[in-house]
């Protein structure tokens, strides 16, 4: 089944910093989209970036998006609150959201979690080893016992998030930290997957395992044709009894 | 151990509607506080209401509150966003929150959940039977297999909340609905308990079982002396490696 | 993708009781298999029954089964412990298990849960209404806000099971009970879905919604190509340090 | 409130191996009990060992035990199946169980989990750092952001357990592994806490933080006076309707 995927990227680091630009010459979004393209032609892909019109996500695009992939870092504050409101409504109505790396501090992720989403971090070329702790989950499809990334930014616990509905990966870092690095959430009719790796200075989104996990996450987060709940006054048998004045 | 409890109530229905005022002549907050007083002298009790100075919750009160009990309904929109911000910070720092009945639509509960918290409802004197689905949980202490309320407002699924960390009660209603009516959440260093019963027109907060559950919920939600996480750059071994320029 | 499904049925009621035989003339397994056949040709279907050789599940069949659907009731005790051992191993290695109705008391379900799986029951033609409490889940695909069954056996809480990883349905019954009637579990590399309806004296397995849920459950429980964990002495860097004698 | 705690230990390593005996001259059980004694006089303490009459746990002791702490390793197979049956019944009826370290492979833990409880291990003096991932939980009371153990046996994922209801600790090991090292489960009216540290060759049970966690775990797992469910035919309104013959 076809899944309409929009890969959203802040797209600032790559244009403002030559070192980063050398890692992702076409932008992080392009690398992520290329990974999804490889994963199969059931993805219909769009990319969107912060500096485009309507911050890349006009209503027509958002309404036509089944799963939104989100990478942001230094410009979280520039994303308009009105867009965040619309994103939240779309997620609760069924749109999947895949939040990557520093997207943990995006307005939309914090909105959906209700917590600060704070964590520890260190840029020190830690080795990261992401261990699978749920081998039955579709997001672990095709992955070995762990994914090893030779150099990454460290993210460490405590990670201020709600307890995940499903925890898929736990990361180990050279320096002595651990991190819940693959976290699944149900919210309304929608699903959210947070996946940790992908600091802008490392070629993480070219890693085949990372690409596979993102593709798995998109498939898992894709909407299902579940019920559209009705809310407010009612119930199948209402009115049941006339109330006294 | 002493627990400082603040029972917050909107306190409008009881003053504006004589029928409601007859049910709760001193206000819903007074009935809830009386129930907690009965439950033991380990509770140090305060009440607070919307129309008091600083909406009843100046910083000095909030900072001295271990568990906040919240009842609101018709004036959710009047609670200031600044107060909601402070409540969220206090909860994430350890303050317990017990949200009652129509508090499901309070700004603070929606903020903490990240969802609409919408539901179905009907005022028709339904009988409500709250079944215990986790008999091992401290919130079920002293409760029988179910609590029966002869007449209550119906709340029905789908209740748009995150999946609870622990589900304690599921309600049955005459008219054919069910509802997840006792829901536990961890958020940051704090804990949240949502408990359904308590429409303003019924004497629900005089019911001994309801009072017992609220007291149990307050004890469960009371802060523990868990770690105060540090966030931001760092980690026990930082800096690990000097990064190249 | 093709999924090899084996529908296992005790197949005693239908042969021993004319009333039941009239409801399911070819057996409950045949009705369930027919429902799966309708759902699409990605299912490769087998049926198996207790009185067949090796209780219907010789190793060759079990090893070739992606998802096993289980209906049993009056002859749970006759299922051999050796078969239960093999079922457990297969599930932990990835085979999905869909347990229906009175299968709650089967040896294999109790083995996987670690609890008694006891519940309340009543044969009284209750109406059952199964409310969807997770509209984002693939098992709710194509289902409305609730499924209504005009007459069913009642199952009531407390249902002595571990808290489900995902709770999909909660049932309401005429007589005043509720029940967690759609429960998902991860165990090892495998997944288990318990779905309540289907007393032998009612034509429940001809109901289109019930059939749809079973088909969804089978798809959800189908194995993924997740990692095959290694256990025992080892670890990627072992031996790390020679231990002193 | 008084809690009757029985600390059960296999007590073989300490007697059979002089090196281990030097670490725990009075046995691991004595060290654990001493830690609990320090934690407060609300614990009424007993110890029990495998080679005592009735494997240390005659019915009178078991029935009088609120929380059972379990350490076993090399003699899991000697624990009688009949004792395991009784332990399971007691847990489902409310007795708390705290399983330590190699108790992951005990018959009773595997029985309650329904999985193999397999894991990776290595004896190589790894440093272990147990990070708190739920700072709101009573088991984290009085603990810092992490507990550091200078030398321990490594346990690594995949740990074949059901997803915990609450995950409290995640361990980091020098050699590159992670482990879900503090796991909470509800089963029936009872609660189970698995806590990883404590290989017999290290003085782990003299560590103040480890002792504190065990004491917290015992308090958390202590029975509450929740409902005693009735099972079988019934329900509050039964019989609802006479069924046709």
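Read from first to last, the chains carry the letters A, B, C and D; within each, the first residue is number 1.
FYI, a contact is a pair of C-beta atoms (placed from the backbone, for glycine too) under 8 Å apart; a residue touches a chain by one contact, two chains touch by 3 or more.
Not measured: the values here are computed from a predicted model.
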| query | Any idea whether C-D or B-C has more C-beta pairs in contact? | reply | C-D
| query | Based on CA centres, what chain would you say lies at the far end from subunit A? | reply | D
| query | With chain centres defined as C-alpha means, what is the inter-centre distance between subunit C and subunit D in Å? | reply | 30
| task | Averaging only over C-alpha atoms, locate the centres of subunit B and subunit C and give their separation in whole Å. | result | 36
| note | Where subunit C touches two or more other chains simultaneously, the residues are 129, 132, 134-135, 145, 156-158, 163, 165-166, 173, 176-177, 186-188, 227, 229-230, 236
| Along subunit D, where are the residues that touch subunit A in the complex? | 129, 131-135, 145, 156-159, 163, 166-167, 170-173, 176-178, 180
| message | Which residues of subunit B touch subunit D once you look at their complex with the stated criterion? | response | 94, 129, 132, 134-138, 140-146, 165-166, 186-191, 223-230, 236
| note | Touching subunit B in the complex, subunit A uses residues 88, 92, 111-116, 118-126, 154, 156-158, 160, 162-163, 165, 173-177, 185-188, 227, 229-243
